[in-house]
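You will see two complexes here that share chain A, one where it goes with chain B and one where it goes with chain C.
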Partner chain A sequence: MEHRLPEIKAGGWICRKCRKPLESRAVEITYMGSSFKVELPGCPECGFTFIPPELAEGKMLEVEKLLEDK
Partner chain B sequence: MDQETLREFESRCTQEEPPACQSFCPLHVEARTLAGQVAAGKVNEARKTLERHMPIPPLGGWLCEGPCKEHCLRKDLDQALDLPLLERFCLRAGRTLPPLALPATPHRAALVGSGLSSLAAAWELTRKGHRICLFHPGPPGASLRALPPELLPPEATDEALKQLAALKLSFEEIPKVSPLWLERLCLDFQAVFVGLDDPALSAESLGLRPEDLLLNDITRESPRKNLFLALPQPPSKRPFIEALSAGKKAAASVDRVLNGVAPGTAREKEAAGPTRLRAFPETERPKPPSRPADPLRPSPEEAGEEARRCLNCNCLECLKKCVYLRHYRAYPKKYAREIYNNISTVFGIRKANSMINSCAECGLCREICPSGADMGSFCAQARLEMVADRHMPVSAHEFALEDMLFSNSPEISFLRFQPGLEKIRWLFFPGCQLPASMPEAAGAVYAHLCSGLDGGVGLFFSCCGAPARWSGRPALTGRVAAGIREAWEKAGRPRMILACASCRLFFRAELPEIETVTLWSILKDLPCPSEKAEPERLALHDPCASRHDRATLESVRAILNRLGQATEEPPLSGRLTRCCGYGGLADQANPALGLLYARQRAEDTGQPLLAYCIMCRDRLRAAGLPGLHLLDLLFPASTFEAALERPSPGLSERREKRLLFRRGLLRKLWGESPPKEENMPEPPLEIAEELLPRLEDSRILRSDLAAVIRHAALHGPLFAQPEKGIFLAALRPRQVTFWVEYEERPDGSYFIRNAWRHRMLVPGVPGEGAESPATLEGFAAEGGRV
Partner chain C sequence: MSGAILERTESLCPVCLAVLPAEIRRSGEDALLCRRCPEHGEFKEIIWRGPPDFESWKRPKPPAAGVKRQTERQRGCPFDCGLCPEHGQHPCTVLFEITGRCNLTCPVCFAGSGKEDSPGSPPFSDLAALIPQLRRIREQAGPIVLQLSGGEPTLHPRLAELTAAAARLFPAVQLNTNGLLLAGKPGLAKRLAENGLSWVFLQFDGVRESSFEILRGRPLLKTKLAALEACAEAGLGVILVPTVAAGVNDGELGDLVRLAVNTPGVRGVHIQPMTSSGRNSLPGPEHRLTLPEVLRRLEEQTDGLLRPEDAFPPGCEHERCSFHLRYRRLPGGKLIPRPGGNACCSPDCRAGDTASAAPEESSANRDRAVEIILKSWKAPERPPSGTALPMAGSEKADVFDEFLELARKETFSVTAMAFQDVWTADLARLRGCCVQVFRPPDRFIPFCAMNLTRADGKALYSRTEA
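Moving on to the complex of A and B:
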């Protein structure tokens, strides 16, 4: 499934544990049995992913609703 | 859902039935549409509308006598709409394309006579592509040309004949007809039509006996094989529209014969007669009928003026009263089909999910609809089926269900006998929302009941389970109801006193063995706790769940009477009251529409409100209307003005108030102090002021924030901006991920700067809750496709 997300900026956050600045990389996110790869910022070392509020309440919410109605 | 359920509903909603003008028109011309188009100046479209049903329009439009006028609803107001005038206008002013025929067929049929009926039949049949021969004694259309020009201008006949020639009608002049000639014709052609309205013909000259003229009303079939007829009509019987209709109907029969189908197949709808549409046109001030200078040639202004007199007859009664039904821009019959399709969808997007969940299931439409169409129960059934099929996303109702589980958890719910008693006859059940908004009043009511009623009054604090039922989850509903039943049985089967109308509906449906009364029917017979009526007149709002509860409606009015409180009934009240938007979890599934429900109700009253359901009171308050709960009058805890303006508590505040209600009463009346685990320390949080409304909208509770912070305090947050001293933590305690951005204060407290949530699963967020609903065995293991 193809869901394009706008490019996400890490906004000055660093990984608290690894002390590394966040980098954009492909991660797999899942919902309602569908999963897809998107570019999201996260820690290059431990892999924690960052979801900013605009994304959670914007595009992500839209896609959630779409998948819920499928 | 089976087809039958859909059909049953569809047959109730009569909005798609034709208005009277159309149903009584023998040709079923869509007069309402036509008038609307003329009124809007769309005269070419109006002409198209006319031509859809009117055979041989250049003649029909001039000659129709307008039998619709006897049935037009406007006639009761002043005078019927003059549709013939509008039709003549369309013919004169509207452009039209030359008529088109379907691809040619090999079938042949004969028409006899060139009166109006034969030309109408010719128009219908040639356009179907059949090869039609019209036999006429004398010049074609002679009888029409003989009409006075102010009734039918000669150009109209020319135009009609030209159109028929273009449609490849072959005209055959015959010098003389005879019985034998007709017999031969009937052998040569698959079907024959004779238009006896042509004065050049007569039954005798064709050898037609009286018994041959006994026609089937709709098919115009004669007992003689393959023969169809139109009979001449006297002036009193509107000969022209009769001829048009006879020609059109006979042509439909001939077409069926040519296609090898019995002429009578599927013809029920062709008869002219009363409609099932119940139209309630807005009564407007009578507008005088347009009196054109030349009634045969009305000007566009004159025609427009007449067209605007049409009342645009529709039902749509329910839409006038329900904001939900207006919101989706159609009407129940259409909605029912959309919902049915939504349920039957196997692959693809289910577009109606939100619509199904946004109905308040308040039952007003059923009261309003002349045939009792009940959109509420239709939506309720759709929810049940979609949840059972695991096609209804849980997200719409998840918060409400979690809130129900919270209210029913041992942390909140309790049942106690009246202090000092071992038996009770009564059990007060305030519901989950009254103590969440007015805990002091709920406590005061309990004390009042204890002092006023004999036999002991217990207190049972819990949620009835209405959210489970509204969300379409019978197993979950059953579990909650079973819990209540068990507690009630243990308490010795006392009579239950319910403060909430929705609880009462729930008990009646799910726990019929429990005898219940509403708080109001009890309070009406107890000494009045307050002496003081307020000087201001209040608008009394009945909850939708009480619309059929006569005893409650009357009790409330009796209480107000005794108190001497002046009230006013809003336009819709009692049996016809409107929902505030809480019903059916409408506002949970669709907060924006939920607000419109409340606003609509607020607009009904326009003055301070008096409600006796706490959700009604709080929701209308949140929609901007100052208002009281009846308990504010009976057990005043503040000034009148302060009570009117008291804000509706937020979601977190409701939970905190429930806790306070429980702890306060348990300590005060039963001397119990909370056990240790209830005192689990919350991390000290301070929430940025501007964040509060957003938390409400996203349904993020203070306790959710606390859980994230507690987790971060133990395991460390995920991200940081060290130079600013801010942290970002995330946790997925159930199928929602919460993010919290915060600062740590030197005194060990936390300042919450921002918080947000999403449901998608993203790698690396701590929390096991992961992908299952919040409990009660995963919302009773049904619903909530994950």
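Moving on to the complex of A and C:
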């Protein structure tokens, strides 16, 4: 299954290393025994995937906090 | 006394309870709490045996600001509980002992409970006397986890009403029970769940009848399993709570974790190594199980599924009081630890490096601790029938929401709390305590001070005197 995260757009970002505009691409995320495919901005040249701050500090942080210690 | 000094603190003379300067000294891979009483001589007690190394196990926190005090300083710690002006942490869990009666007479009871109420305890069936006390706890301690305890709280004839009253005042209500009546009284678990009980702390010492016979005086495994079933049917989260002594049931920890992982409704195992308090009496120091030994037993007995390197010292209580292992539990019983364990994302990042981390703010940690306890131990909400999970790609949720929804129901914890007795009493730990016992009319006594008894058995704080 592929999922587009509606709030994340590739437009406007350029890969610092390759100087290519980022494109939306399917990325497989594996986390704690689950894998799922999402669309994230990435560099068509070097394959580097960009995780925008709103995702890292939002949903991804929430996932991380599931198992935080007391 | 020999061995490098690892830390200086204060302790007690086990004979006369004199407050003494103390040193934690290295002895090979171990650490000993050492002090000398001018009258009764030198005392050394093992507090840490083997790896992970004593010095790697750090989580410093300064005393919390804004702790509510109920007593003045008169004789000093630990005689003025509490909380007195020397105490350095808010409560995150308060024990409310609603009866002194018990339907077991365990050879190892730290509270010394028996068939009758102790003099000075509230009248057995008097709900009207208990409700104002609940309010007093809420007013003084704030939004904590309230533990209904005893004695055996399920013997209280008004427990369901009391649970409902507590659930209106506190974010979580925990029942500390031997489970006999949950197993034997049809409908009790369901009624408590309906009245707002959050989860059950179920005394569960092992998987062999011999352990129950030694620790509880009779075989109880079948009864405990029936209690588990009743809780699962009622939708209550359950934490299995073994009292563990080396040479008695420390060889069953792995099997107990396996049982917990494979039983619906069980959210974790909370291990309590045995101390020498009340009727609890360790036959000798070789039976004392320290936190690193519990971690190693878990690793050995689960074929490395539970690893010491995944364990964290606590953010709420003192660092040497507990450890925490947190997992995602997959169907089939597979446990996935928090990624990275105690390390973090890169060699430069110290976010997860507790040994060299800067001191944390204790009061913030207390609030976080309550939130995390709630998340870890409460049974997941059941969606109303016919409600489907939000679909990815819809406006309301995406793939991360789906994952969160699923993973929230699958967290599993293995924790241990090393209670102190007069032999291991470290006043720095006591002042950092967040698990407190309410003593009417309005005192909050750190758990280990409440249960501390001198070498001759006399209690520091009597349960039979007001």
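Throughout what follows, the second predicted complex is superposed on the first by the 53 of 70 C-alpha atoms of A that agree within 3 Å, B and C clash if a C-alpha of one lies under 4 Å from a C-alpha of the other, contacts with A are read in each partner's own complex, and residues count from 1 in each chain.
The criterion applied here is as follows: a contact is a pair of C-beta atoms (placed from the backbone, for glycine too) under 8 Å apart; a residue touches a chain by one contact, two chains touch by 3 or more.
Values in this document were obtained by computation on a predicted structure and should not be read as measured data.
**Student:** Comparing chain C with chain B, which touches more residues belonging to chain A?
**Tutor:** If we count touched residues of chain A for both partners, the winner is B.
**Student:** Which partner chains sit in contact with A:21 here, chain B, chain C, both or neither? Use first/second/both/neither.
**Tutor:** The answer is neither, since A:21 touches no partner chain.
**Student:** Check the residue A:62 against both partner chains and state whether it touches chain B (first), chain C (second), both, or neither.
**Tutor:** In the superposed model, A:62 contacts chain C only, not chain B.
**Student:** What is the contact status of A:31 with respect to chain B (first) and chain C (second): first, second, both, or neither?
**Tutor:** Both partners, chain B and chain C.
**Student:** With the two complexes superposed on chain A, say which partner A:50 touches: chain B (first), chain C (second), both, or neither.
**Tutor:** So A:50 only meets chain B here.
**Student:** Going by the contact rule set out at the top, does A:42 touch chain B (first), chain C (second), both, or neither?
**Tutor:** The first partner, chain B, only.
**Student:** Jot down the residues of chain A that show up as touching in both complexes, chain B in one and chain C in the other.
**Tutor:** Touching chain B in the first complex and chain C in the second, residues 31-32, 60, 63, 66, 68-70 of chain A appear in both lists.
**Student:** Using the touch definition up top, name the residues of chain B that touch chain A in the complex.
**Tutor:** For this pair, the touching residues of chain B are 348-351, 353, 393, 395, 698, 716-722, 724, 727-728, 730, 737, 739, 754, 756-765, 785-786.
**Student:** Inside the complex, what are the residues of chain C that reach chain A?
**Tutor:** Per the touch definition, chain C meets chain A at residues 312, 314-316, 324, 326-328, 330, 334, 336-339, 368-369, 372-373, 375-376, 392-393, 395, 398-404, 406-408, 411, 415.
**Student:** Could you list, by residue number, the parts of chain A that touch chain C in their complex?
**Tutor:** Interface residues on chain A, with respect to chain C: 1, 3-6, 31-34, 36, 38, 55, 59-60, 62-63, 66-70.
**Student:** Please name which positions on chain A make contact with chain B in the complex.
**Tutor:** My answer: residues 12-17, 22, 27-32, 40, 42-43, 46-51, 53, 56-57, 60-61, 63-64, 66, 68-70.
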